[in-house]
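Quick heads-up: structures coming right below.
Presented sequentially are two complexes of subunit A, the first with subunit B as partner and the second with subunit C.
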Partner chain A sequence: MSRALWTLAVLLSHWRRHPMQLATLLVGLISATALWSGVQALNQQARASYDRAAATLGGARTAMLVGRDGESFSQHFFVDLRRAGWPVSPVVEGRIRIDGRSVRLLGIEPLSLPVEASSAPAIGTKGLQGFLLPPGQTLLAPETLAELKLSEGATPTTANGINLPPLTLQSQLAPGVLVVDIGAAQRLLEMPDRISRLLVGRAGKGTRAPLQTVTGDQLRLVEPDAETDLERLTDSFHLNLTAFGLLSFLVGLFIVNSAIGLAFEQRRPMLRTLRACGASARMLNTVMVLELTALALLAGLIGLVCGYVIAATLLPDVAASLRGLYGAQIPGELSLRPQWWFAGIAISVIGALAAASTSLLKAIRLPILIAAQPYAWQQAQHRWLLAQGAAALAVFAAGLGFLLFGDSLLSGFAVLAAILLGAALGLPAILGLVLFLGERTTRQPLARWFWADSRLQLSGLSLALMALLLALGVNVGVGTMVESFSRTFNGWLDGRLAAEIYLNAASDTQAAEIKAWLRPRPEVQAILPRGRAEVQIGGLPVEVIGFADHLTYRDNWPLLQSAAEVWDRVARGDGALVSEQLARRLNLRLGDRIEVPTGAGRWPLDVVAIYADYGNPKGQISVGFDALVAHFPGSAQTAFGLRVAPAQVPALVTALRDRFKLDNRSLADRSALKAESKRIFNRTFAVTAALNAFTLGIAGVALLTSLLTLSNSRLPQLAPLWAIGITRRRLALIELMKTLSVALITALLALPLGLLVAWCLIAVVNVKAFGWRLPFEIFPLQLLQLLGVAMLASLLAALPPILKLMRMQPAKLVKVFADER
Partner chain B sequence: MSASFKLTRRGFAGGLMLLGLGRAVRAQGFAGLGGEAGGFAPVLPGRPLTFPTDHGPHPEFRIEWWYLTANLTDANGAAYGAQWTLFRQAMAPGPQRDGWANQQIWMGHAAVTSAATHRYAEAFARGGVGQAGVTATPFRAWIDAWEMRGGEAMADTTLSPLDVAASAADFSYTLRLTAERPLVLQGDSGYSRKSERGQASYYYSQPFFAARGSISIDGKPIEVTGRAWMDREWSSQPLSSDQTGWDWFSLHLQSGEKLMLFRLRQADGRNYFAGNWIGLDGKSVQLSATAIEIRPTASTAIGERQLPTSWRIAIPERGLSIDTIPLNPSSWMGTSFPYWEGPIAFSGSQSGIGYLEMTGY
Partner chain C sequence: MLSVSSLSKSYRSGQERVGVLRGVDLRIAAGESVALTGESGSGKSTLLHLIAGLDQPDSGTVQFGDAVVSALPDADRAAFRRDRLGLVFQQFNLIPSLSVADNLAFQSRIAGRHDAPWHAELIERLGLGQLLKRYPEQLSGGQQQRVAIGRALAVKPLLLLADEPTGNLDEATADDVLALARDLVSRTGCGFLMVTHSARLAAMLDRRVHLHAGQIH
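The block that comes next holds the complex of A and B.
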């Protein structure tokens, strides 16, 4: 035992002499653990809040009975089904306006609410009687209360003049929803004796009569989903985050790998001495594993703390992204479960051991006396390059297969993964080939040595270069995608926001008053009413928008595809514009027919155009305003746009604001709306940009540590050149050139790789994840910039070992001939 | 909902606790049954019961129940028990509001018992929408798919014939009940005192039902015949605030006579006894508290509770001295608000069968 302790002490002394190396190792482990656990924490937080939302909805996790067309139905079905043995519970759902803000209202019946779908236990502790008996309660999450800027116990008035039951905090509730008793909900939503859906409990009450015999064909059963709509929608986002986390983790392990490789290289004489002194290979190995585990535990803990900080910093952006993209509500405060800590520590230790495995294996097999065998080594490397190249080809082939035959988001990500993995695996072979060609084209001895020695260095550098390739490729890919999106989005915004002022009145009465006030004003060129109704088509939530027939739309609205006489047909009321997402989900083409369920039956519409509707999680159909009002008499008609001479906009906005007490949410001019939209857009991609920068930074550190490792073990190669008369300065310059040239080749290879990644993101992943396809554009300036950053990172990484070489004492170079190998 | 919380016989304690009314329970009897009856109609002596009106609900009173227990045997002579109960509880006094605003809450319990097993289920419903309720003419009481329905030509004075059905995940039953003799008024002409301070309820029974039908346990149907006993009771404050639980017996004597007895346990350790002796002619005679001797002889552990499942009962003035044993000592109703309810058999000066309910343990 004491022998093992002494061995450990000897091994540890190495770190005392090389604190930078220890720092590198720890930085690698910490960054790997931090990013991975940070991303996990974000995903966990989001998933937990989806669960919370699903539980409140009693939605996707519970089987449901819904109306044939997704419309509300008579309450007597509830009683009929209960009497026929069905464990059903009624739910009424709708939106109400409080102080100009639209909020989701859920009416539940706590006594029959299925245990598995309910927040009833929570209600129970607060006193069911308080919830049921007048004045009742409006349950809401603290976030919602803050958003409404109200205090507990308040009884706000809705747009239709009815007071809500007193607001009561219920922290288990999902944000963005108000929960009241079903009776109160029916009153607030003006849906007397109607219910939106019936939750079907799992607990059987004995036999139940067949659904048909109880409700005829009025209701249909929707089986519970394994995952909620939100989870399905946001899967891509989380997969994306996870992919970034994994990439950073792997790059971090590259650092660990090269740091441990370096330590091993430097401790080789020490190990030999210890072995010669009688320490067994097994004991040496055990002690090294223990040493590594201890370091990994330490780094894992620090990494977890950093991960927490990263997650907490990114959370607001992630929450903004998810809200912007999917309408998902994520609370802004991070809460972590103990499993997260254990998983983080475990992944740090496992990662460290995996990264160290090659070095440890070498240590096991370490002969006490070893001779340098450069030629045999080169032969082995050749075979290794060939094998890796073959693996790269196989991975590419698999990726092509996924592209051709896959039709899901997952297959899209599989294509991406195959492209990245294949490129990484193929990199050493390609570099080897380029260097081999370089060697063939030169005659001059020193130049030949330059190429040949670069090839020799390849195996030591290849992992770091792979990291660089991946980081750069992903940066190029994501950068191109975001830039493409950004340009398309801006152009689209300009077209869609054609009116100068946008208004949203608090009620139909106020809307009428505002219109009456506006009509005589000379600066108002046109009032463009906008109506809105919500329906379900094919199980998807779809908003139906009614817009006025006006030149504003005819001239400006950018359509992706359109049939002849689009605007006339829409104005006539038999044609509809369909959003790209909806068209993809329902597989609609121009000329197809779509049936919109209305209160009075189905409304058949021809698809006359398809338009982009970026950032909307719901499907959308746009029809003529008059047609919408005719088919949805009760739809909200409080929104409208105004055409005003640009110079008069500020004055009119001020006048409207003062006259009708409208706030920023209900009244905005075009520039403010555009700025807000762009702000949301940028925030959505802030997370991506941050993770991008992290990854590139880690790749730079990986390159640095690899070069440090190499510079030490390469003295025997350099000393002979020095001995035959090449100055240290010249030698250093050659070394720098070598590093920069392989880095440059790698960076150049990363450009096409990145574009391929961008294409895959735009043409495959985006389409599957969001339902929209963007035009693919290349931004040369952005590529040059990234190339510059990569070369700068390589230069910075290459400098420390080069400077060390330049300042190396000649005696040390001479010593190479005296000892070692 | 604390474990120290216990249920009363036929008290709608379940609903009360569910409603969070159980505050300061210990001071007010179980689950508020001993609470003040503010705003609800009081129970006063001398009110004549009228039928069919009184078969229906009395929403001006706070609590009410329709309570049926049946002692059954199959073709091989094996004994079974069946229970069907509907409770009504008003959350607030005042005129009845329509729809979801209605202040009534309904709770149903159903059970079957054999020597080997005891199965039970419960259901909750709100009044006002039709999920549960009771109508006097035609007589129907229901919650979800559980139902008690007067047959064609049901006589108001006998409540016969009556069809009863309930089903749950692992049991079900349907029974037809018939009786020749009229309803029996308990207590003093239907006024049943529950404490020396005057707490009381209106209480009548039909103890003369003959039952025939089938019960099913785990999908296996069993044809059964036997006797059944129906209790109707309503009140606004049936218990005194210091009463902690009760033990209640309904007994079919071999002679054809019937006996209803209960013992209300008080916090001070004393008991309040009451009972009615129902003769072959259907005449109900109130027993004086001093005439009733009831004491437990053996107990059964159920969870952490000790339930006195065997009893010695004596009514010396009637020459009665019997010992009761349960068909299944584990007849535990593990419902939201648990209690013990199951069939018993007795022997001694008379033999027979009946039902025992114990609450507050």
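The block that comes next holds the complex of A and C.
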């Protein structure tokens, strides 16, 4: 034991003499762990809240009975079904208004509640009495309490003048829901003796009477979903996030790999001496693995703390975009499970071991005696470059295979990964070639040395340069995608939001009142009713939108593809516009026929146009308003748009607000809607941009640290030049030029790589993830800007070692000769 | 104590194999000190490496006590070096990241046989007292060599193998170092094999063997 400890102490002494190397190693491990676990924390937080929402009484995790047409039904079915052996429990659901805010209200009957459904709000037996006996309780999540700006125990009054039972906190509940006893809910919602649905427990399956015989065809059974709609919809968002986390993780491991590789090279003589002095190979290897594991544990812990900070910083943006895009409620405060900590530590250790595997293997095979053959570095490097080049080609070929034959988001990411990995592997070979050509074209001895020596440095720098290439490539790619997106999106918003004011009344009666009020007003040029119904087509949630036949749409709606006489055919009621997402998922083309399930059978529609519907996770079909009302008589007809002379908009909005007590959600003008949409999208991409910046930062650190570690081993190359009369200042300048020129070549290579990445994101990943494709554009100014940033980062990274060289004592340079005995 | 018999070793150079050692026989008794001479490239270092178990012979055996070193697995050979050998290399092989004091002590620490008084005596007699806090790169060649010798002696080995340990030392210091080694030999009765080019130093040991054409004469 003490033997191993002493060996460990000798090994560790290396880091004391090379603190920068240790710092590099730790920085790499810490940033890899931090970014990875930060992203995991975000995903976990979101998933946990989906689970919470799904587990809320009567969420999609429990089988249930609902009315044929989705309407509420009489409560006597509950009694009938229980008698027939069905383990059912009634639920009433509706929305109530408290102080102008609309919240979801759930009424439950805790005694019959199936165990699996009640697991989330777990009303204990003690709580049960408080819940059932007067005055009862209103259960709600802390977030909801905060949003309502009320305190526990309060009994707020609803819009119809009834008081809620006292508010009681129940932390496992999903945000935005109030849970009360079913009797109270029926009073509050003014639904006496009605229920919205019946939850079906899993118990007693064998003894039930068939549903038909009990309820006729009034009710239908909905089986539980393994995956909720929300999870399905947000999957691609999380996959994107994961992909970026993984990328940063890999860049971090690049740094770890180069730091460990360098340390191994420098410790090679030490390892030999240790072996010669009686440390066995097995013990030495064990101790090396232990050393690495200890470092990884330390870095993992620090990385986890950083990851937590990153996640907490990004959470508001992620939560905002998830809410904006998918309506998912994510609590703003990070809560992490123990698994997250373990997984983070594990990933740090596994990552460190993986990054060190080549060095460890070399150490295992290290002979005690140095082979007498002089190390033919040039030959070895040549072979190594060729091997890497071949690997790069193989990876590119695999990527092409995924592109041609793959058909999922995962294969899209595989293409992306192949492009990045192939480019990274190919980089040293390309750099070597460029430098070789440079050497061939110059005569002047110092210039020739310049090129040749840059080539010699290549193996030491290549990992850092690869990291730079990847970070830049991804930056260019994502930057181009975001820019393409925001341009397309702005133009598209202008076309889609053609009406000046958008209204959504609380009920059909209110809608009729508002319309009657608006009609005589001279500034209102048109009232454009909008209807909406939700259906399932091919297992996908699809919204059917009805819009009025009006010039507003004919003139402004930008269609991606359209058949002849689009608008007339839609107005006639047999043609439909289909969103790009839906068209891709169902593989629809112009002229195809789509069948929409309605309450009264199937409604066949011809696809007459395909339109962009960016950011909508659901599929969408747009039909004529009258046709929609005809096929979905029950659909809400409360929404409409108004065409108004722009100057009159603010006055009309104020007047409507005062007259009908409409809040921001039910009344919005175009500019507010546009601003809101842009805000959501900006926040979505803010997350990506932040991860991007981190990656670039890490690449800069990688470059700095490899240059610093290289600068020591560079002395033997520089000392002879100094001895023949080249000043230190001049040498330093040459060194700087060398670093900057390889960095420049790398950055220039990163531009086409980045555009390729952008194309892959736009044409492959986005299409698979979200169902829409953007036009691909190139933004030269942005490219130049990134090139500038890259060169600046390289300059900053190159400066410290150069300054060190300039200030170096001549004695240190002389020492090089003294050592060459 | 040490018995080397018909030891052969060849190296590949290009296509052909060059025999460096061709049936070397050598015995060293306990308490005996032997000088090994031979021209440059004759295979002296190779022989020492084989005796130390750092490399494997093509044929022949190295036997120490009743253990056949050349037939042991790696871990046992490592233990053999750790527990019984003191090695001074031609290249000093100090550990650059350890101070002089730590370089002197690490083998005896790993072997679990750290003897503080003996350690202090070595530092005193090798004249390393002023240098303990320095690192190898801050030492002259002769100073590094003295540290390497100190490290080998610190473990009180049963067999001391030294490859030109005095190559970088002035005559007086070289004599001191040799006296120190012989002192250890007479006190502990260990064996001592030293490679040297100096006839003067070779004459100071009990016996002298010459390596020529791959054989001991």
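Here, the second predicted complex is superposed on the first by the 533 of 821 C-alpha atoms of A that agree within 3 Å, B and C clash if a C-alpha of one lies under 4 Å from a C-alpha of the other, contacts with A are read in each partner's own complex, and residues count from 1 in each chain.
The rule is simple: a residue touches a chain if its C-beta (ideal position, glycine included) is under 8 Å from a C-beta of that chain, and two chains touch if they have at least 3 such contacts.
Owing to the predicted nature of the structure, the values given are computational and were not obtained by experimental measurement.
K.L.:
Taking the superposition as given, does A:182 touch the first partner, subunit B, the second, subunit C, both, or neither?
P.N.:
Only subunit B is touched by A:182; subunit C is not.
K.L.:
Regarding the shared-chain residue A:601, is it in contact with subunit B (first), subunit C (second), both, or neither?
P.N.:
Neither subunit B nor subunit C is touched by A:601.
K.L.:
Could you say whether A:85 touches subunit B, subunit C, both of them, or neither, answering first, second, both or neither?
P.N.:
First partner only.
K.L.:
Mind working out whether A:788 is in touch with subunit B, subunit C, both or neither, as first, second, both or neither?
P.N.:
neither
K.L.:
So, does A:14 touch the first partner subunit B, the second partner subunit C, both, or neither?
P.N.:
A:14 sits against subunit C, while subunit B stays out of touch.
K.L.:
Considering only the contact definition stated at the top, list the common interface residues of subunit A for subunit B and subunit C.
P.N.:
None.
K.L.:
Show which residues of subunit B lie in contact with subunit A when the two form their complex.
P.N.:
So the residues of subunit B in touch with subunit A come to 1, 18-21, 91-92, 99-101, 103, 105, 121, 123-126, 129-131, 142, 144-145, 166-169, 172.
K.L.:
Using the touch rule from the top, collect the residues of subunit A that touch subunit C in their complex.
P.N.:
Its residues touching subunit C are 2-3, 6-7, 10, 13-14, 16-18, 269-270, 272-283, 368-369, 372, 815, 819, 821.
K.L.:
Using the touch definition from the top, list the residues of subunit C that touch subunit A in their complex.
P.N.:
11, 49, 52, 54-55, 74-75, 78-83, 85, 87, 89, 93-98, 102, 106-107, 109-112, 135, 137, 141, 151
K.L.:
Would you tell me which residues of subunit A are touching subunit B in their complex?
P.N.:
Listed in rising order, the residues of subunit A that touch subunit B are 75-76, 78-79, 82-85, 109, 111-112, 124, 126-130, 132-134, 181-183, 186, 193, 203-208.
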